[in-house]
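Common to both upcoming complexes is subunit A, partnered first by subunit B, then by subunit C.
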Partner chain A sequence: MACQGLQKGETLESLKRESETLKKKLEEERNKLNDVELHQVAEKVEVLSALSIKTRRVLKGHGNKVLCMDWCKDKRRMVSSSQDGKVIVWDAFTLNKEHGVPLPCTWVLACAYAPLSGLDNKCSVIPLSLDKNENLAAKKKSVAMHTNYVSGCSFTNSDMQLLTSSGDGTCALWDVESGQLLQSFHGHTADVLSLDLAPSETGNTFVSGGCDMKANVWDMRSGQNIQSFESHESDINCVKYYPSGDAFASASDDATCRFYDLRADREVAVYQKDSIIFGASTCDFSLSGRLLFAGYNDYTINVWDVLKGTRATILFGHENRVSRVRVSPDGTALGSASWDSTLRVSWSFSTGSNYIFRFIKLLFWVNSRLVLEFTVAF
Partner chain B sequence: MASDCGDVSALCSALLCSLLGVLGNMSALCCPEVIARMQDEKNGIPIRTVKSFLTKIPSVFSGSEIVQWMMKNLDIEDQVEALHLGTLMAAHGYFFPISDHVLTLKDDGTFYRFQTPYFWPSNCWEPENTDYAVYLCKRTMQNKARLELADYEAESLARLQRAFARKWEFIFMQAEAQAKVDKKRDKIERKILDSQERAFWDVHRPVPGCVNTTEVDIKKSSRMKNPHKTRKSVYGLQNDIRTHSPTHTPAPEVKLTNKPPILVLKNSLLGYTEQYLEYDPFLTPPDPSNPWISDDTTLWELEASKEPGQQRVKRWAFGIDEVLKDPVGREQFLKFLESEFSSENLRFWLAVQELKKRPIREVPTRVQEIWQEFLAPGAPSAINVDSKSYDKTTQNVKDPGRYAFEDAQEHIYKLMKSDSYSRFIRSSAYQELLQAKKKVTKSNKPQSLCKPVQTKKCCK
Partner chain C sequence: LTPLFNVVLIPIHKITKETSFSPFFLPKDIFSPKTITNNMTSNSNLSNMRRLVEQLKLEASVERIKVSQAAAELQQYCLQNAGKDALLVGVPTGSNPFREPRSCAIV
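The block that comes next holds the complex of A and B.
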C-alpha cells in the first residue's frame, strides 16, 4: 500500500471520514444499477428435487486434525495435510495410502497437489515420484518466504509458479525454480486467509479473502487490486470462483456464504439460515455451478442451491469442524477434510427421479379431470 | 437482583457480541444471539423449578423443550438437525445437562440449565491448570455424594498434584477458601452455581473422547486482537462472579443487524448453469456411470483416451475456451487449422501460454524463439497483428519478460474466436466427431435432475 505522510490540513480523522463518504458514494452508485435479487430471477429455473448426496468413503490415517486437502488431476487421488505433521497422498477410490511425508513443521496449513505451506512462513514444494523408497522429505525445496504464516497456496496452471496468501496481509507470486518473488499484492489490512485463481484460459486474475472482511480481485500481471467487496461481517475464511469465472463465493465466520457477481460488481446472494450459527470455513462449487458446498464449524456440510438461495441438503458425518471441501476435477465427488482427523468422500445418488415425480403429478391431474367430467355429466 | 457485577458481565457479553471483530474464538459468533432469544421471558424456553422427592431442582428446562423451541424459532424442519445444533451449543457450554459431564442434547425429559454469561466462551476464556487444580481439590472437600469426582477427574487431580507438587499447599488453601465461601451461600443458589461451574470445566477440560470445542484455529489465535480481553484465571480474579445470583442474570442485549442487500440480476450466471447442467455429476448421472457409485472406472478411462465422447465434443461448441481447455479439443482444432494452412495463430497462442509458465530463467531465450518463429521479419510462421501491438511487442522483446507478447496474444485470441473457431465448429471434421457417438440411444441417456429451461449458448 502506498504510504504518504499526511498532507497539510489533513488529520487521520478527516481522512477516515473522507474514506467513509467515498465508500457510501460507491454503495449508492452500485445500488443505482440494481433491480432484482438473484433468486427472483432464478424463479423460472426448475427446483432441484430428489437431490440425494451421501458420504460413502472415510479415509483414516492421520493422527490429528486434517487442515487441508486437494484432488489430483487424475480425479481419484487426494493429498491431505494434518496437524500431526504429515502429508498423505491417498488413492481415495481404493482407500490406499500411497505416500506419507513427514514434515519438520507440524502446522501444515495448506497443500495443493504439490506445494505445501504452513506456519513456518515458508512454502515448500515436494516432488512426488512413484518410487516409494525415495526420501521425499529430503527433496523438499523452500519457495515462498512471507513474514507471517502462509495460509493458502495454488499453482498457476503449471508447477513452475506458485501463488501464496499470508497472515502478513499480502499475496505473492513466486518462481518455483529460483524462489524469486515475481509479484506481490498489497491491499488487505489484515491476514489473508484464502485465495483462488480465475478459471479462465486467458485471464490473469485471482481473488483473495481475509480477516479484514474483504474479498479482493487482483491482476496478476500488474499487482493491482481491481475489485473489492466488503459485505461480510467477519473473517472471510475461503473464496472460490464460480466455474465460468464471472462470479465467486465466499465463506465466513459470520455464518454466511455469499455470492458476488464480478460484472455487476456486487454481492448478489447470501446463503444463510437461522439454524446455521457457526462459521463457514470452506466452500466449493459443483461443476455446473448450480450447487455450492460449504463446510462449517458445526461439523456439517451445507449444500446450497446457488440460484435459488435455498439449502438443497445437509451432510452430517464429521465429528469435528470441517476444514476443507473440494469437488473432484471432473465433478463426480466431493472430498472433505476435518479436525476429526478423517477425510470423507461423498457423491450424488440422484437418478433423475424428477421424472417419476412428474409422472405422479400427471396422474393426479388426469384423475382430477376425470372426476370433474364425471360430476359434470351428472 | 443482579448486582453491578452481573450487569457488567452481561454488558460485556452484549458488547462482545456486537463488536464482532474482537472475539477470540470465532467459531460460534451467533450463539449468544440465539441464547438471548431462548432466554426471552415472553418467547423463550420456560424455566422452572422441579420438585422431586425431598429436594427442589431449580431453574431447569427439558431437552424436548429445547428441541421444540429450536424447531419453532430457528427455521428447522428436521429433529436431527435440531439435536445436532443443540448438542453443539451444549458442547460449547451455553447450556448444559445438569446430571452429565458429557455435553449433548437429548430429545427427552433430561434437565438442562443455562450457563451464566460470565462463563460463556465468547468471553475468551483460557483457564489455567492451577485453576482446574483448585476446582478439583475443592470438589473433594465437599461431602456430597453427587459431587464425587468421576474417574477421569480423579486421574486429572492426581496428575495435577504431581505437576504442582511444589505449590500444592497454596492450591489447597485456595480450594479451602473457595469451599468456605460456597458453604455460606443459599442452598438453591449453590446448586445452580456448582452446576454452572462444573459445566464450565466440562467445556475446558472435556471428558476424554469428547471434542474440545475450545480449540481455536491457529491462524486466528495467532492474531489475537485483544489479548487483554482474554480471561486466564477463574479464581484469581478480583471481581468474583460468586457475588451475584445467576438465576436472575438478565439476558444480554444483542444488536441484530438485518441488512437485506439490494441485488442485481445476471442472466449469464443462469445461462451458464443451465448449459452445464448435463455435465454436472451431482445433478445428472454421468454416462456410462459415476465410478464412485458403480466401482467402474470406464468414465475415467474414456476421458483419458484419445477418442472424445459425444458429450465432450458437444462441449467444445460452448465457447473457444472449452476447446483450448481440453487437450483433445486443442489437438482437433490444431488439426483443422493445419488443414487450412492457418495453424500459426493457434500455435503462437499456445507458445505464449507456455512461456508464461516457464521458470524465469528460461524466459529470455523463449521470448527470442517465439519472436523469431512468429513475428520477426521473414518469420516461418508469420502471424498478423495490428501495427500498434506489433510496435509494442518489438519494444517488449528488447527487455523480455513473461508478458512480452501480451498485446499480440490478446489480438490473436480475438481473431481466433471470431474467425477460426466458428469455422471449426461448422467444419465437417467437427460435425463428424459430434455425430460419431450418436449411437447412444435416447432411452439409455440418463435424465437430469432438472430440465434446463432453455439451452442458451454461453459464448465467451
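The block that comes next holds the complex of A and C.
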C-alpha cells in the first residue's frame, strides 16, 4: 500500500482525535438502542426444568492432553487431536477407535472433520478412507501456510475452501485443491485464537476472536471487517455463532462468556458468577440455542441458560482443564475433550421417565432390604 | 519449518513429558508477543491511523435494531426449536442416542 503524504490539515494528532470521537459516537449509537436487557425480555419464559445431562461415556485412548475434538456430519463419529501427536477418529456408539493417524507435529491444536492445523504453521487435510491398510499420513496435503501457529480451522459450506486463524493475527481463506490463498483478513492486533462460520442460511460471514480481546465479524468475499466487539477483559479463547446466525457467544480468560447480537450490534448478556474465577476456554450452543455449554480451566463445564443469564447446571467429571466442548450435529449429545487425555460424551434422559426409572430402582432396593431383614431374622 | 521453531519445540516436549503437573503453556503464551507492534516510521503510523478512522466510520454506519426487538427474535428462535433440542428435553431413559435406526422423534 503506497504511503500517501499528509493531506491538508491532517496530522497524526488530528486523526487520533477523529478516531476518539468516532469511537464515542459508536458507543452512543449502540447505547441509544439498548432499551431493555435480554434477561428482562426473557422473564416471561418458563424457567428450565432440572436438566439431567450427565456424562454417559468416557473415551480413553490418547496418551496426553486432548487439545481439540469435533463431530462428523454423520452425527456418530468424533475426531480428536492430542499432544501425543495423534489424531483419532472414534465411533461414539461402539466406543471403538476407527482410525489413528500419527502426525509429525506434537502440538495439533485444531481439527475439524478432516483438516488439521497446528504449530508447524501448516494446516493439513488428511483424506480418511475405510481401507485401514492405506498409509493415511502419507496422503496428507498441506493447504494453509501462516507465519505463526495456526489456532483454528473450518471448512466452508462448500467443502472446497478452508478458513484458518493464526497466531500471526490474521485469518485466511484457502482453496483446498490448489492450496492457494484466496482472501486474507487483517484487523486483529494480536493472535487470533478462534473462528466460527455463520450457519449456512445467513450468508458469507464469520466471526473471529483473539488475544486483543476483540471479536470481529468479517465478510468472506471482500475481506472487510464489518463489525467489532470489544467488551471482554482478557483473551477471547473461543467464539461460536448462535444457531439462527443472528448472534454469537464468546468464552474468555476473564472467566466470563458473553453474548453479542449482530443486528443490535452490541453485547446483550454476560454469563458470569463470583464463584467462577477460572478462564473459559471453549463454548458451544445446544440445538435450539437455549443452552450454552462452556468449558473452564477449573475442570468443569458450566451450562448457561442463554435467555435468562443464569447457570442451569454444572457438569463435573474431567480431571483437568476442558479444552473443547462440541454439541453433536443433531443436538443429541455433548462431546468434551480435556487435558486429562479423555473425551466424554454426555446426554440427557427425559425427566418423566427418570422418575419411573428411579421408582423401579427404589422398589428393587426395598425388596432386597426386606429379603435381607427376613433372612437375618431367621 | 524455521530453525527457530525447531529449537523451541524440543524443550517444551521434554518439559511436558517429565513434569506432568507443571504449569502448561499454551501456544499463545509462548510463540508471539501479545500485540503486533507497528513500524515506527511516521508514514506507516499515519496510514494505520487513517485505516483505523476509515474502519471506525464503517462500523459507525452499520444499521442497527433495538435490543428489545433483537432479544424477542432470539427468544422466539429458542422456543420454536426447544422441542427438537435433545439436550433440553432428553432422550428416552436408558436408550443410546447413537443407536440406529433411531427411535421415534420426541415431540
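Everything that follows uses one rule, which is that the second predicted complex is superposed on the first by the 327 of 378 C-alpha atoms of A that agree within 3 Å, B and C clash if a C-alpha of one lies under 4 Å from a C-alpha of the other, contacts with A are read in each partner's own complex, and residues count from 1 in each chain.
Here, a contact is a pair of C-beta atoms (placed from the backbone, for glycine too) under 8 Å apart; a residue touches a chain by one contact, two chains touch by 3 or more.
Given the structure is predicted, the values throughout are model-derived calculations rather than measurements.
Enquirer: Subunit A superposed: clash or fit between subunit B and subunit C?
Expert: Here subunit B and subunit C cannot both sit on subunit A without a clash.
Enquirer: Have a look at where A:319 lands relative to subunit B and subunit C in the superposition and call it first, second, both or neither.
Expert: Touch status of A:319: first partner only.
Enquirer: Based on the superposed arrangement, let me know which partner A:233 touches: subunit B (first), subunit C (second), both, or neither?
Expert: A:233: touches subunit B, not subunit C.
Enquirer: Of the partners subunit B and subunit C, which touch A:225 in the superposed model: first, second, both, neither?
Expert: second
Enquirer: Looking at A:254, would you say it contacts subunit B, subunit C, both, or neither? Reply first, second, both or neither.
Expert: first
Enquirer: Considering only touches as defined above, state whether A:167 meets subunit B (first), subunit C (second), both or neither.
Expert: both
Enquirer: Per the contact definition in the header, classify A:53: touching subunit B only (first), subunit C only (second), both, or neither.
Expert: In the superposed model, A:53 contacts both subunit B and subunit C.
Enquirer: State whether A:182 touches subunit B only (first), subunit C only (second), both chains, or neither.
Expert: Only subunit B; A:182 stays clear of subunit C.
Enquirer: In the overlay, answer first, second, both or neither for which of subunit B and subunit C A:193 touches.
Expert: Both subunit B and subunit C are touched by A:193.
Enquirer: Which partner does A:279 contact after superposing on A: first (subunit B), second (subunit C), both, neither?
Expert: After superposing on A, A:279 lies in contact with subunit B but is clear of subunit C.
Enquirer: Superposing the two structures on chain A, identify the stretch of subunit B from 220-228, 238-246 or 364-372 that clashes with subunit C.
Expert: Residues of subunit B that run into subunit C: 220-228.
Enquirer: So which positions on subunit A get touched by both subunit B and subunit C?
Expert: Overlap of subunit B and subunit C footprints on subunit A: residues 33-38, 41-42, 45, 48, 51, 53, 75-76, 93, 107, 109, 119, 148-149, 151, 167, 190-191, 193, 211, 235, 242-244, 246-247, 261, 263-264, 266, 268, 286-291, 306-307, 330-334, 339, 347-351, 354.
Enquirer: Taking the complex as given, what residues does subunit B use to touch subunit A?
Expert: These residues of subunit B touch subunit A: 20-21, 26-31, 33-34, 70, 73-76, 80-82, 84-85, 88, 211, 215, 217-220, 222-223, 257, 261-270, 272-277, 279-286, 290-293, 297, 299-300, 303, 321, 324-325, 353, 357-361, 402-403, 406, 410, 413, 446-451, 453, 458, 460.
Enquirer: Which subunit C residues qualify as touching subunit A in the complex?
Expert: It comes out as residues 1, 5, 9, 13, 16, 24, 27-28, 31-32, 34-36, 42-47, 49-50, 52-53, 55-60, 62, 64-75, 77-82, 84-94, 96-100, 106.
Enquirer: Which of the residues in subunit A come into contact with subunit B in the complex?
Expert: Contacts found on subunit A: 31, 33-38, 40-42, 44-51, 53, 56-57, 74-76, 93, 107, 109, 119, 148-149, 151, 156-158, 160-161, 167, 175-178, 180, 182, 190-191, 193, 200-202, 211, 221, 231, 233-235, 242-244, 246-247, 253-255, 261, 263-264, 266-270, 273-275, 277-279, 281, 286-291, 297-300, 306-307, 314, 316, 319-321, 330-334, 339-340, 345, 347-352, 354-355.
Enquirer: Mind pulling up the subunit A residues that touch subunit C in the complex?
Expert: Per the stated touch rule, the residues are 1, 3-4, 6, 12, 15-16, 18-19, 22-23, 25-26, 29-30, 33-38, 41-42, 45, 48, 51-53, 64-65, 75-76, 83, 92-93, 106-107, 109, 119-121, 148-149, 151, 167-169, 187, 189-191, 193, 211-212, 224-228, 235, 242-244, 246-247, 261, 263-266, 268, 286-291, 306-307, 327, 330-334, 339, 347-351, 353-354, 356-357.
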